[in-house]
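Look for chain A in each of the two complexes below; its partner is chain B in the first and chain C in the second.
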Partner chain A sequence: MAEQMESIGKECTPLKHEFDACFTRWYSERFLHGDKSNDCEKIFKAYQACLKNVLREKGLTKMISDARPSIGSVFTDDNDDAGDK
Partner chain B sequence: YSWSTVSYAFLNRYPNPFATHVLTADTIEHRIDPSTGELHITRLLRKTNSVPRWARSIMRENDAYILEDVVVDPKGSTLVSKTRNITHTRLLKVEEKQTLTMDPFNDSRTQCKNETCIVSSIGYGLNSRIESFSLSRFSENIARSRKGMLYVLDLAQRRGLFRQRFRMEQRHLESQ
Partner chain C sequence: MRLFEATHVFKHDWETVSLASWRKYPNENTPHVRHVEVLNQEVDPETGVLRTERLIMVQQGVPALVRKLFGGDASYVLEYSEVDPRQRTLVMQSQNMTYSNLLSVGEHIVYKPHPENPQHTAFTQSAELKASGALFRLATKIEDICWNRFNDNAQIGRLGLEQVLSKILAERQALTQVPQ
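After this line comes the complex of A and B, so read on.
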């Protein structure tokens, strides 16, 4: 899609756009056709690293990690991935 | 719209003119479960703080953040998205679950199911007022997100994304 969302950290926005472009291409051309390969891994790692810093600066890291296990708390989940790690 | 198309549109639904309250969207996790082939995505969304005036005095935080967890099963043509707010949880906890599945009787159609759970435990006699206010907004929000999805789907169609995918799906089927 033409317009793009910004990232929570302005410095991460270009990485995010690059990842999003890769993701949308990969999703429609590969993933939906049963191809499990993950083309966007490298760019995702770069984007993640940038995000980690921003989240830490904003003090969101703990809030997010506290919230994550309970995302399926109200609704029962068939694909519960919080179980085994 | 087929499930492939709808799931694609759903994952790319921002920005859209019906969701101007969503300011930023970041993917904080993206992985494929090797045993099931499912795609697991976690996203952090930042929204404008649309708290009603009477509740503003109880709020400390300014930015509203939402965590979204999406699981996509391409083989079973199912996408499940769960979102919950991670800020202002003292005031209100809203969890939403959206399920997109291929219509079992027509594979060019998609079924969408929305569930939500709204709980307020702030006390001060405000709980039910907060909950019913939120519930009343829920159906507006559903209508708005549906408009947003249709907008994104329509855009994708006009850009020929459907035709491309249709061609690719054809080729994929023929190669089997």
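After this line comes the complex of A and C, so read on.
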């Protein structure tokens, strides 16, 4: 696979790489062929959880939720609250 | 306010171009794109539409004027996209977050099959660049600088995508040469 980018949070980089590889494979082999089954759910949750901490530490969380209406994003901060305490 | 518009035809089918779009970074043509993170992603169970939210961190040299006013050259962009595999459309909307009170750049991109040739893909890009009135006389100059930079980035962005498309094509050709 081609070189990859580091994550915004260094500690999340391995998870990001694993997710990116999984997603690319899933997208071309499944999604584009009409298969909606989610192969990458587990690795995505791990990557996403790592990112959430980094975003919080960097103070980016509010900036992101403020920007959502301008791009029509359907996501909210509550989307991924499963692991949040 | 300034508007930017561009169109392009990629001589590959929509599925391949949409895949290339996901595989676009890192790209030697666009070193200013430093980080791309997927914040949220889901597939609609009924429509099959893939919705994704990404955080993009960009860092590139800017004229001294801009750096002086804005205090830096690194910025965060939020991008939301929807891929409809049945309709064969990929639509993306992005907005800068950093300094957005001073300079707002909103970009809309659509990839879909070319109306005259479904084996090719039509790309349309439009952007609104608006500098805050609080910048007074500088607002127009800032918008001009921004428009030029946006135009430069749009061209290298397309070049970068064409390179990824060539790479995907080469990968597929290599696969067909593997003896079964």
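Brief remarks follow.
In the analysis below, the second predicted complex is superposed on the first by the 70 of 85 C-alpha atoms of A that agree within 3 Å, B and C clash if a C-alpha of one lies under 4 Å from a C-alpha of the other, contacts with A are read in each partner's own complex, and residues count from 1 in each chain.
Following the convention adopted for this analysis, a residue touches a chain if its C-beta (ideal position, glycine included) is under 8 Å from a C-beta of that chain, and two chains touch if they have at least 3 such contacts.
Nothing here was measured: the structure is a model prediction, and the numbers come from that model.
With both structures placed on the common chain, the touch criterion links A:A67 to chain B and to chain C. In the overlay built on the shared chain, the residue A:Y27 is in contact with chain B and with chain C.
By the touch criterion defined above, A:N53 reaches neither chain B nor chain C.
Residue contacts after overlaying the shared chain place A:S7 against chain B and chain C alike. Contacts of chain A with chain B, set against its contacts with chain C after fitting on chain A, overlap at residues 3-8, 16, 19, 23-24, 27-28, 31-32, 34, 36, 38, 44, 47-48, 51, 55, 60, 63-64, 66-68, 70-75, 79. Contact residues of chain A toward chain C in the complex are 2-8, 16, 19, 23-24, 27-28, 31-32, 34, 36, 38, 44, 47-48, 51, 55, 60, 63-64, 66-68, 70-75, 79-80. On chain B, the positions that touch chain A within their shared complex are 4, 7-8, 11-12, 14-15, 22-28, 30, 32-34, 36-40, 42, 44, 46, 65, 67, 69, 71-75, 80, 82, 84, 86-87, 95, 97, 115, 117, 152, 155-156, 161, 164-165, 168-169, 172. On chain C, the positions that touch chain A within their shared complex are 15, 18-19, 22-23, 25-26, 34-41, 43, 45, 48, 50-51, 53, 55, 57, 76, 78-80, 83, 85-86, 93-95, 97-98, 100, 106, 167. Those residues of chain A that touch chain B in the complex are listed here as 1, 3-8, 12, 16, 19-20, 23-24, 27-29, 31-34, 36, 38, 40, 44, 47-48, 51, 55, 60, 63-64, 66-68, 70-75, 77, 79, 81.
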